[in-house]
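Here is the structure we will look at.
Per-chain numbering from 1; labels A, B, C and D assigned in written order.
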Amino acid sequence: GGGSPAAGGDGAITLGFAQVGAESGWRTANTKSIQESAKSANITLKFSDAQQKQANQIQAIRSYIQQKVSVIAFSPVVETGWDTVLKEAKTANIPVILTDRAIDSKDTSLYKSFLGSDFVNEGKEAGDWVAKEYASATAPVNVAVLEGTTGSAPANDRSKGFNDVVKADPKFKIVASQSGDFTRAQGKQVMESFLKSQSKIDLLFAQNDDMGLGALDAIQAAGLTPGKDIKIVTVDGTHDGLQALADGKFNYVVECNPLLGPQLMDLVKKVAAGQSVPERILTKETAFDQAAAKAALPSRQY
Amino acid sequence: MTALAVRLRSYRPQRRYLPVLAAFALLVGAYGFGAARYPAFGSGQVVLDIFIDHAFLLVVAVGATFVILTGGIDLSVGSVAALSTMASADLLQHKGWPAYAVIPLVLAMGAILGFAMGLVIHYFEIQPFIVTLAGMFLARGLCYTISTESIAIDNGTYTAMAQTPIPLGGTLHVSPSVVIALVVVAIAGYVLHFSRFGRTVYAVGGGERSALLMGLAVARTKVAVYTISGLCSALGGVLMAFYTLSADPLGGVGMELDAIAAVVIGGTILTGGSGYVLGTVLGVLVLGIIQTLITFDGTLSSWWTRIVIGVLLFVFIALQRLIARRSR
Amino acid sequence: MTGISKRFPGVTALDGVDFRLFPGEVHALMGENGAGKSTLIKVLTGVEGVDAGAIELSGSPVAFGGPDQAQRAGVSTVYQEVNLCPNLSVAENIFIGREPRRFGRIQWSRMRKRAEELLARLDLRVDVSAELGTQSIAVQQMVAIARALDVQARVLVLDEPTSSLDAKEVEQLMTVLRALRADGMAILFVSHFIDQVFAIADRMTVLRNGKLVGEYLTAEMTPVELVRKMIGKELAALDELEVSERSRPDADPPVLVSADGLGRNGAIEPFALTVKRGEVVGLAGLLGSGRTELARLLFGADHADAGTVDIDGQRVHLRSPRVAMKHRIAFCSENRKTEGLIAELTIRENIALAVQASRGWLRPIPRRRQLELAARYIEALDIRPADPEAVVGTLSGGNQQKVLLARWLATEPRLLILDEPTRGIDIGAKAEIQRLVASLSEDGMAVLFVSAELEEVLRLSHHVAVLRDRRVVAQLANEGLTPEEIMSTIADGTGS
Amino acid sequence: MTRHRLFWPAAALVALLLGNVAVSPRFFAIEIRDGHLYGNVIDILRNGAPLILVAVGMTLVVATRGIDLSVGAVVAVSGGMACVQLGSTSVVLAVAMALGLCLVLGAWNGWLVAGLKIQPIVATLILMVAGRGLAQLITGGQIVTVSSAPFLAIAGGYLLTLPLSFLIAMAVFALTSLVVRRTALGLLLESVGGNPEASRLSGLRSGRLIWLCYVFSALCAGIAGLIISSNVTGADGNNAGLWMELDAILAVVIGGTQLTGGRFSLGGTVIGALLIQTLTTTVYALGIPSQETLLFKAVVVTAVCLVQSPAFRAKLVRRRRRPEPPASLPAPEKKVEVAS
């Protein structure tokens, strides 16, 4: 337990952070980064895990308001539905920062800043690479997609970004597209089915590394060589994903960086001090090809 | 004074009220613990916030109470609630319907879904677990067909319901949804205790065949409880829409388990025939206070959060059992 | 009802049966266990559909879709098994579906008051707001009757309403029935007690194996003739057992079980009781006098909170039924539905269950042995259908009771506690069971015998313990005891 | 034949498989690849193995009137434990430790239900929540990747051209059936589930039996967890076995066991589990769009249940067969009117 310092007073900053949950390795890396950088930045962190439930997250934010923290930050479970509680925060004069996922609200004064990646852009980058890779191809290219959890923001946005690029060129044909729930097991099962129901697949776009890694097994079991017979593009850039890329099993990985902690703490300090901050800060992200993966692997933390 | 004290000391509650009383005692204990440990916890608003944050769950759980009292189970509640928010949002935002038309419509939709499930359960003698699981798939599937993306609601009525706190003096306030939920609780309590239908619900839970042989309207009752559950789920969905002013196709995932847990923690027996709506209210509060204690602590990692929820759940349930057993 | 036929998978329960019931008469439906009496009643009230035949009520054809419709048409029924809701209060069980209401709101206090009045008519005084499940089976039976009586009905159907009632309650019921008959009600009455039937019925219809034997005026029937019609052959004189001098056990057989100061708060006051080898001890008492409670304590079904039990002079702690069974005590409960049988298992499995439980799951009884066991008791107790793989839930009430009895006989106990073992059993089988008990006790088995039928208790027991108000008030040696002597002991209640 | 308890579940399974063939004729194609069978049907067997295992354990719990919601979490714990331990010890030891931990978890569930007499659904809800936390604690919230060949063979290996995982599931099923039906365990379980009070009065140690069922259920879930993590070459504490309890209960129920306890059918459960796995594969094979998957499942589950329901079949067949009143009333032996 302990007291909660008044907002902005005597330099001690309390940050209330409402995390989505611990639904993936990506997410836990994100959590860890925030916890560690809060400690090194000397910020008291009130952390809560909403277990993927918006109601829990709203409840957590309410309790932060009750506890009068200096700054509230959270990764919204969904994009909508935050106005009421954020208005309460605004009334209580507590600044809010969004991380990782944006919210869909007309009233942009409800939050100070959004720090995170652009899922649409990730999908688009994957699409761009595909377009470039097959720029010279004349034959039709059969594309399979492993989608994330149906209805989730990353799945929706990555599909959108990818489709925007790929659908522009008639030679790309999305022959199979199904949800793999962002997990290895589902990714594997779905890919197994694809391989049996489709006579030829040239390229696989997996909306995260895990599904891609699951699909690798399925492709190998079908007697094909991943990376050659079927080219694979994924999003995330986890250690295992980059390893697969370095081994030539993946062909391209678009990064979605979970290590937002340091950037967030800088932002929190600025916001707490009342400085103005940009409304939108994109995380530092790149994309990897085989060479880049090899270079990045040794220092990859998650 | 002393007479009262004596009477209080010699007060032996009826055995069937024990689980409910035990749950209440534990709640008070947990609140005291929180207030002693976290300064901001003691403000009454924390309790009111639990109501605000769980109004929709409460309504859904009340519906589930009816079903569980007959010895059935309804797994579709979470999805039906989500469907009701999605349908509301779609009609309000995309089709431009007014709120007063949308709300009755989605309520009717929930009731009809429940009614259909009740019919299948009773007349085709299929276990409620499967029928309502299929209902859960169906409702969630319909959510996706409406939209796979969440929809924000900016309808005036909904916004008013969401953002007009009802002051209770001082800084204390509740949302209109809490009032609605409490009204639902009161109606349900009245119906279960004072209406013929309510007593038939208990009778069916006590033994369906006996109830049939006693000449009670078993078919009507069974179908009705699922209809009520569907209606309550839909209303819960509407409150959910008030709560977040948005609709999410993935909303309410796992809510059926929360609702069932709340009902059962409140002392209702899953095989039917015994329990109270008041118990369900306490059950919801128990779940809420566990969540609140954890948020106030704010030092737990994700996994410790889950483990601690489990431990607190265990402490509550085990103590409740022991109290109920001891004071027999 | 004309030409009624009803088939269940594998059994023809009713085969072209005709049945008539007139206003202002009590009509007894007679037959052996499994003859089809209950089925006829279920068909009449729409619980079961018919395969063939027609039902008319006051001249117009009817086909009830269920008991609710029958009730609305003026047919009020007490089914054989107590079919009430154990989780509701006594008062509610009487009134549910017809609660006194005002503006749709149930008036609880009025309901309780009316329930008390109604039960007082049957001379039963219980706490009407207590849960029904906490009451003894006899009280439950009375409640079921009270419920049926309260309906403003034209037809009253009673399927073995008296199977666990004492003489006093039976008399009370008869009085009420006579009054209803005088009011012009048509009453259908099923019972295995021949004297009750002759006391009240105007007419009787006899069924045998699902077929109609005939319809007779009581005045023109004799008990012997009736039994002959039911069984289809002469029954060796029933009273044989009573007349034949019971062989006494050895002058002074060793004590098998002795309880001292055994009691349980709120159930039965501390009592002392000894049962010797080869001895039958009867428990006599009125409804709710605590006989069942006493029996349960001796079996460890409930925890005693005072007193000791010695078996063969050895102090034992009857912690649970399992421990009691280790000491070879068996307890056949009065409530076969909730405390006795596993409805969905077969006759074979139900009979083997207790033996199997004491062997533990690792030492299964070979199937062949189970079948032998089942066959033996099917034969000895005349269980019908005689198919060891028949599901117990589909048996007739009397046959279920026989299966339960068989389960405990199969454990070959040293002390057999029988709580209303002949409940709902037909006259032939009852004699058979009494003979069995007598012969077992001759072979050295001790028996604790509880029955609402005082004659039966007296016929079998060497000693009688008399209970009143949950207290053992007297222990009498049965040397020509008469029911009257017992009744007066109960009435005195002073104890010795 | 239609009387047999397994007829209708089996018929539903066959119908679903045939439906697949009708849509995509290649569905049943099986070929030999790398010395083992390869094809959709083989996939169903291989991927269905964990569900079969969990559902077999669940069947016994359900037979005692219980329910085990924690199986999904136990799956995650088992996989996590094995994969983390694989980093430092041998495969055998890692597997043993994982299964040992599952036994402890099962014993805990059993104690809550049989000892403290907490209602099974909340008793196991505790571990359902806490168990996943435990799994994440063990794995540190990350996917722990393994490369040990013997461990990967659990799910990836083949014996006699059949997937090893399926053979494991079948072995557990066969062994369980054998134990349950060849000893008196089955009878005693059915009796405890059918009428607990009567069982107690018959001298059954129902507490111990019930406890045993939860331990066994956790063990089955543990084995399933090993298969699942071996299948994806890593332990995913967050997602392994997520919502598996619902599928398992569904399999049990489709297999003809009532949730109200009593009679159970292990064979039915296996068919039920295969049916659910076939349904999943069907969704992928038919290429049903993600957002319509659940609608499709709802329709199939409803259809399967309706077909299985005797009441439904009776209502479908019966063309309102009202009994004809006999032309002439046969006279009873004696007709006597009684004056009222």
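To be clear about the criterion, a residue touches a chain if its C-beta (ideal position, glycine included) is under 8 Å from a C-beta of that chain, and two chains touch if they have at least 3 such contacts.
Here's who's who by UniProt: B = Galactofuranose ABC transporter, permease protein YjfF; C = Sugar ABC transporter ATP-binding protein; D = ABC transporter permease.
The model shown is predicted, which means the values in this text are computed figures rather than measured ones.
Engineer: When I count C-beta pairs in contact, which pair ends up with more: B-D or A-D?
Structural biologist: B-D
Engineer: Using the average of all C-alpha atoms in each chain as its centre, how far is it in Å between chain B and chain D (ABC transporter permease)?
Structural biologist: Going by mean C-alpha positions, chain B sits 29 Å from chain D (ABC transporter permease).
Engineer: Between chain A and chain D (ABC transporter permease), what distance separates the C-alpha centroids? Give it in angstrom.
Structural biologist: The mean C-alpha positions of chain A and chain D (ABC transporter permease) differ by 35 Å.
Engineer: Between chain A and chain C, what distance separates the C-alpha centroids? Give it in angstrom.
Structural biologist: Averaging C-alpha atoms per chain gives centres 71 Å apart.
Engineer: Averaging over Cα atoms per chain, report the distance between chain C and chain D (ABC transporter permease) in Å.
Structural biologist: Computed value for the inter-centroid distance: 42 Å.
Engineer: Could you say which residues in chain C touch two or more other chains, in rising order?
Structural biologist: none
Engineer: Counting only residues that touch at least 2 other chains, which ones in chain A make the list?
Structural biologist: Within chain A, residues 22, 28, 31, 150-151 contact more than one other chain.
Engineer: Give me the residue numbers in chain B that touch at least two other chains, ranges are fine.
Structural biologist: In chain B, residues 144, 148, 301-303, 305-306 touch at least two other chains, as defined above.
Engineer: Which chains are in touch, pair by pair?
Structural biologist: A-B, A-D, B-C, B-D, C-D
Engineer: How about chain A: which of its residues touch chain B in the complex?
Structural biologist: 1, 3-4, 16, 19, 21-22, 28, 31, 35, 45-49, 51-56, 58-60, 62-64, 66-68, 77-84, 87, 104-106, 149-153, 156
Engineer: Could you list, by residue number, the parts of chain B that touch chain D (ABC transporter permease) in their complex?
Structural biologist: 73, 75, 120, 123-127, 129-131, 133-135, 137-138, 140-142, 144-145, 148, 257, 260-261, 264-265, 269-271, 301-311, 313-314, 317-318, 321
Engineer: Under the touch definition given earlier, write down the residues of chain B that touch chain C in their complex.
Structural biologist: Against chain C, the touching part of chain B is residues 16, 193-196, 199-200, 202-203, 205-207, 209-217, 273-274.
Engineer: What part of chain D (ABC transporter permease) is in contact with chain C in the complex they form?
Structural biologist: 182-185, 187-188, 190-191, 194-195, 197-205, 209, 262-263, 322-326, 329-330, 332-340
Engineer: Show me the residue ranges of chain D (ABC transporter permease) that touch chain A in the complex, using the header's touch definition.
Structural biologist: 24, 26, 29, 33-34, 38-40, 43, 47, 136, 140-143, 145, 156, 228, 231-234, 236, 238-240, 242, 280-281, 283-291, 293
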